[in-house]
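Okay, here's the structure, questions in a sec.
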Amino acid sequence: MSVLQTNNLTKRFGGVVATDAVSLSLEQGKVHALIGPNGAGKTTFIAQLAGQLMPDAGQILLNAKDITKLSEPERVRAGLTRTFQISSLFSDFSVLENVAFSVQARTGHSYRFWSKVASNARLNATAADLLELLGLSEKSQEKAAALSHGEQRQLEIAMALATEPKVLMLDEPMAGMGSEETQRLIELLGKLKSETTLLLVEHDMDAVFALADDLSVLVNGALIASGPAAEVRTHPEVISAYLDSGT
Amino acid sequence: MDFTLVLTQAINGLQLGILLFLLSAGLTLTFGIMDLINLAHASFYMLGAFICAAGTLYFDSFFIGVAIAIVITAVLALAVEKLVIAHLYVRDHLDQLLATFGLILIADTGVHLIWGPAGLAIPLPPVLQGQISFGELVVPVYRLVIIAVGLLMAAGLYWLVNKTRAGMLIRAGASNRQMLSSLGINVQVLFSAVFVIGAVLAGLGGLLIAPITEASIGMGNDIIITAFVVIIIGGIGSIKGAFVAALIIGFIDTFGRAFLDTLFAFFMSVESAETAAPAVSAILVYVLMALILVWRPQGLFPPKLR
Amino acid sequence: MNKNFLIGAALAGLCSTPLAAHAADIKIGFVTTLTTGGAVIGNDMRDAVNLAVEQLDSTMGGKSFEVLFEDDGFKPETGKQVTDKLIKEDNVDIVAGYIWSNVLMASYKSVTRADKIIISANAGPSAIAGKLCNENFFSTSWQNNQTPMAMGELLNARGVKSLYMMAPNYAAGKDMVAGIERTFKGEFVGKDLTKWGADAQLDFSAELAKAKASGADGLAVFYPGKAGGAFIKQYQQAGLNDVLPLYSVFTIDSISLPKLQEGKMDGILGSETSMFWGPDLDVPANKAFVASFKEKYGRYPSHYAAQSFDAINLIASAADMLDGDFSDTDKVRDALKKADFDSIRGDFTYGNNHMPIQNFYARKVVADADGNWTTSITKTVLESHQDVFAAECKL
Amino acid sequence: MRSQIFHKFGAALLLLTLLIVPFVMSYFGKTFWLDIFTRLIILSIAASSLSLLLSVAGLASFGHAAYIGLGAYAVGIPVYFETYGGNDFLAGYNGWWHLLLAVSVCALFALVTGAISLRTRGVHFIMITMAFSQMIFYLLVSLEEFGGDDGLSVDLRSEFALLDTVVLDIEEPWIFYLLCYVLLLLVLFVISRITHSHFGRVLNAARQNEQRVRALGVNPYGYRLFAFVLAGVIAGLSGVLYANYAYFVSPGMVEWTRSGELMFMIILGGVTSLFGPLIGATCFVLLEYFLSRWTIFWHLPFGLLLLGVVLFGRGGIVGLLTRRRRGELEP
C-alpha cells in the first residue's frame, strides 16, 4: 500500500525546471532511497514534500489524503517529518532539551504558561529513551553546539523520530559520518522500518544498497527510474547516467 | 484646485524626494552590503551642513564651503568607519542600533560644543538666489539647483553601480555577501569605500538643505527615520528602489501637507480638519510602509537573489 | 574589590558635591532650555538672569540668594522631572523660567502642589490664564493671545483685508492663531498648522506656495526659535517679500536678527511685529537694562531676556517687602501681586489670574545707528490690555 | 551551579537595595530619591516586558513605547473627563477601570499590529513595529481635546479600592512606590514562569532555529503573537503606573527614541538574565541623573558609554559580572 505518493510534482525557478513532473510512490514499511547526482533536485524535491517550498503543479498524497496545500507544520502533524542535510539544531539547548522539545512539539499545543517544562517527567523520559536509542545518553546534558559532527547528525535524527512520523525523510543522514557511526546508523534505520516508512536521500552507496527496498533515480529534476532496488540498479539508463559516473 | 499650485507642490515634493534619496542611498548600500543599520548616517547629514556653513562663513564663499564640507565629511566618515563601524559589521542589528545611536549623541553634543546651540545659517551667493518664472509658475533657483544636483548624483550612482567593476562588486555584495570574500576581494577596502561614499552623499544632502532650513543640531535625526522608511519600501540594498521610494515619499508628504486639510474639510469641520491633517499626513508614510511590507515583504525592488 | 570601592567612592562624590555647594539663604529654581536648538532662547534667558543676579549682588531682602538652572531639553516630561527635582531635592523657594507652554503645563502642578510659587518668564497658555488658573502662578510675560490680538489690531490699522496664517501645531501656536482671529476684521483666506516638537517641520515650501496662491494681502506667522530663521529665509527665497507682506509674532527678535542680517535677508527690513516691549521702549529701567545687557554680552537682549530679568526683579521686590523670608507662601503671593518694582515695560498691574495688564506696541525691523538690525516701536496698539481668559479664572 | 547561586544572591541583594534605599534617602530628607526610584521601577517593568520579546523570543520590537503611551492615556483620558466633564462612559478615577482600559486597548493594538508585523522578519520587523508606534504617536498628537502635542495633566492619581472599604492611597508617594515595587516582583515572577514553561520553550526554540521548529510540526506564529500581546499588556500596565507617577501624559512618551531607550536598558543589563532589564534600567536612570547633574552636555559621556557597552561589554553588566566570577572559579 502506498503511504506517500506524488503525482506529476513540478517546480520551476525562473527558466530552470528543478522538479520535472515527478511521480513517486512510497510503500508502507519500506526504505525508499532517492539517489541522483549533485544538483539533480533531490533537496528541492524533499523541500516540496515537507512543505517548505510550494510546487507549481502536481499533487502530494499522504495515506491517500491530499496534503499539497497543507503548511509545513501541518504536514509534520499529519505524520510526514524530515531531517536536514546540514544539522539543524537548537544550539543553546542541551541535547536532552533538543529532543524533549521535539517530543513536546508532538504532544499537542504548548499554550501552557505556568509549569516548568524542564522538569516535565514525561517529556524528559521519552527524550531520554530516544537518546538511548541513538547512543547519546551520556551527552544528554551537553549543549547541542558542543557535540561532534557525527553526534549532531544523530541528534538530528533523534529529534525527527520524536515526532513519531509515519514517513521520515532523511536528507543525507550519513554525510560526514565515520564508518563506525555509519554502520550503527544503518542498523538503527533497519530496525525503524517496521514502524516508519523511510525516504532516504543518500550519497553513500553502501548504505543505500544495505537499506533500500526501493530505489528512485533523479536526474535534472526528472525521475529516470523507480522500482525495487534490485531492478533499478541494473536499469541501463541508470547505470549510464549515474551509477557509472558516481562510483 | 489651482494647477500652478499643484505644479509648485510637485516641485517641492520632488525636492524633498531628492533630499531623501541622497540620505537613503548610502543607507541602503551600507545596509544591503554590510548588513549594517547605521543611525549615525543622520550625523553626517548634520555635519555636512555645519561644516559647509562654517566654511562658507569663514571664506565668504558657498562653493568653497561645499568643497570643504565634502572633504572633511569624507575624512570623518573614514575615521568613524575605522574606529567604530568596522567592529560592528559582525554584530547583530540591535548592537548596531545602539552603538550608532551613541554616535548620534556624541555628534550632536560635539556640534553643540563647537558651534553653540543656535545652529548656523548659510548665506547663498547671488547666483543661486532669486527665482525663475515659467509663466504662472515661479520657482526659487536654489530649489532647482537641489533637484539638479540630486539627479546628477542619482545618475552618477547609477553609472557607478551598473557600469563599473566596483559597482559590479557592490551589486554582488548586496545580493550575496559571501560571494565577495570568495572572489578574493579586499572586503575591508570595499566596505570603507561604500561607507564613505554614503556618508558624503548624506553630508551633501545636509549642506544642500541647510541654506533653506539652516544647519541645526539634530537636523538629521528627524529625517533619518523617514530615510529608513524609504529604503524599506524601496528594498534594502537597491539604489533604484531608494530613488523611487524617496520620490514617492517626497510627493506623499508634500501633497499630504498641502492638500489634505482641504480634502478633510469636505467631510469634517474646518477646525478638526486643520488639526487632523498634519497628523494624518505624517502617518501616511508609515501606513504606506506597513502596507508594502505586508504586500511585498522585501520591498518594491529587492536586489535579485543569487 | 578595589574596583567596587572606587565606583562607590565616585558615586558618593557625585552625590555630595552639588549638595555641598548650596549655601545661599534663598534659592530660586530656573527651568529653561539649555540643549537642542531651543537653547538659543534659554541661553538668552540665562544671561539676563545672571545679569540681574550680578546687579543685585546676589542679595535680595538682605539675604543671599542663588539661582539654580535646569534644562528642560525642550520636552515637557523632562521639564516636569527637573521641576520635581528643584522642589524635592534642592528645596528651592520659588521656581521661574519656562519658555514653552507645554513644558509649563506639565510642570506647574509639581510646584503648586508643594504650595510654592511658580513664575512664568515666557509661556502664557490660555488654560493657565483661565480655567486652570492658580493662585500660586505669576507671569512676567503675557498671555499667548495678547500679542497676536495686538497683531490683529495692527493688521486692521494697516488696511489688510485678507490674511494667510501659519503657526506650529502646538498650544501656543493655536493660541496665536486664535488671538489674531479675535481682533482681525478682514477675511482669512488660509491657515496652516505645521508639525512641531523634536522633529519640527522646517521646510515650509508647500505652505508658502499655498499662501502665495491664496492671493492674500498679508501673511501672519508665529515661528519662535530656530524655526523663525528657517521660515524667514524661505519667505525671502520664495520672493514673497514684494508680493505678500509679512506680519510676525515672536518670530523676528534680537536672537534671529543678527543671523538674518548675516544671511543678508534684507527682505524683512520694514516688516512688522507686535510685542509688549521693545529694546527701544522709553522706560528708564528698560534703557538701563538694554544698555547693561549690550555692554556685558555685546548684543541686544530679546524679550525672553527682558522677561527673565523682570522675573528675578519681581522676586527681589517681594523679598525686600518680606525681609527675605519666603517661608509663608501666602505672604509671598501677596507681595508678588503688588508688582512693586521697576519693570522693563514700565508700571503694570496684575489681573485676577496674575497675568500682567500692560500695553502692546507695533515694532518695525530697522537698522540701528551702528547698522545692526533691531526693532523699533512705531505705535501703541493696545493700551493696558488684559487677556480675555481672565474672565474664566475664578480667583 | 555556583554562578547560579551567585546570580540569585546578587538579584536578591539588588531587590533588597531597591526596597531600602529610597526610604533611607527619604528619611534623610532626600524625598526626590523616591521619585527617581519610582521611575526606575516603572521603567524596569516596561523593559522586562520587552525582554520577553527581545531576549526570549528574539523579536526586536522597536515600538514598545507605544504601549506605555496607550497605558498612560488610559489613565489620562478618564481622569480628564472626570475632572472637566465630558464622556461619562470613560470618565472615572477608578484605577481598576484604568487598568481594564489599558489592558484591553494594549491587547487589541498588539493583536492587530502583531498579526501583521509577525509576518515579517529581522530588520523589517524592527521597522514595521516602529511604524506602528509612530502611528500611535501621531494619533495622540492629533487628539486635540487631550492636549495634542502638549499632553495632558493628570490631576489626581488612580483610586485602587481593595475590598469595599480600603482604598490604596497612592497619592502618598511611598505607598505608590511599594505598589510599583510589588508589581515589579509580580511581573518578574510571571515572566520567569513563562520563560521556563512549555510556551516559553517554544519561543526560545523559535528564536534559535525557526526552520527546525516548523519542521518539528510547530508553527511559532501563534506563540509569538501571544507573547507579543502579553508583552504589550505588561508594558501597558507600566504606562498606567507612569501616568500616575508623572501626573502627566504626552505623545512624547511614544517617540521612537523611547523605544530605543528600553532596548538600551535591556542590552546594558544583559539579555540573558531575568534581572538584566532591571539592572539596565537602574543604571540608565542613575546615569541620566548623575550625568545630567554634572553637565548639560551629558549626552556626550552617555553616548561614549553606549559605544563602550556595545563594543567592549558583550552580554551587558550581567555578562561582565558572571564572566569575572567564572574567571575566579576556573584559574
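All chains are identified by letter, namely A, B, C and D, in their written order; residue positions are counted from 1 within each chain.
The criterion applied here is as follows: a residue touches a chain if its C-beta (ideal position, glycine included) is under 8 Å from a C-beta of that chain, and two chains touch if they have at least 3 such contacts.
Everything numeric in this text was worked out from a predicted model, so none of it was measured.
Q: Tell me the fewest steps from subunit A to subunit C, where a step is a jump to a chain it touches.
A: Shortest path length, in steps: 2.
Q: What chains touch subunit C and also subunit D?
A: B
Q: Could you find the chain whose CA centre sits the greatest distance from that of subunit A?
A: Chain C.
Q: Hey, how far is the Cα centre of subunit B from the one of subunit D, in Å?
A: Between these chains, centre-to-centre, one finds 32 Å.
Q: Suppose each chain is reduced to the average of its Cα coordinates; what separation in Å results between subunit A and subunit D?
A: The computed centroid separation for subunit A versus subunit D comes out at 44 Å.
Q: Can you compute the centre-to-centre distance for subunit A and subunit B, using the mean CA position of each chain? Integer Å is fine.
A: Inter-chain centre distance comes to 49 Å.
Q: From the C-alpha centre of subunit B to that of subunit C, how far is it in Å?
A: 35
Q: If a residue has to touch 2 or more other chains to count, which residues of subunit B qualify?
A: 112, 275, 278, 282
Q: Please list all residues of subunit D that touch 2 or more other chains.
A: 141, 148, 297, 299
Q: By residue number and range, which residues of subunit A touch two or more other chains?
A: None at all.
Q: Any two chains that touch count here, so list every such pair.
A: Contact pairs between chains: A-D, B-C, B-D, C-D.
Q: Which bits of subunit D are touching subunit C when the two form their complex?
A: On the subunit D side, the touching residues are 30-32, 35, 84, 141, 147-151, 153, 155, 246-248, 250, 252-253, 255, 290, 292-294, 296-297, 299.
Q: List the residues on subunit B that touch subunit C in their complex, please.
A: 2, 4-5, 8-9, 12, 15-16, 57, 112, 117-119, 121-124, 129-131, 138, 140, 142-143, 209, 211-214, 216-219, 221-222, 254, 257-258, 261, 274-275, 278, 282
Q: Tell me, which parts of subunit C touch subunit B in their complex?
A: Result: residues 34-40, 42-43, 169, 191-195, 198-203, 205-207, 209-210, 212-213, 226, 229-230, 233-234, 237-239, 255, 259-260, 262-264 of subunit C touch subunit B.
Q: Under the touch definition given earlier, write down the residues of subunit D that touch subunit A in their complex.
A: Contact set of subunit D toward subunit A: 193-194, 196-202, 204-205, 208-209, 211-219, 223, 226.
Q: For subunit D, which residues count as touching subunit B in their complex?
A: 54, 60, 62, 116, 119-124, 126-128, 130-132, 134-135, 138-139, 141-142, 144, 148, 256, 260, 263-264, 267, 297, 299-300, 302-307, 309-311
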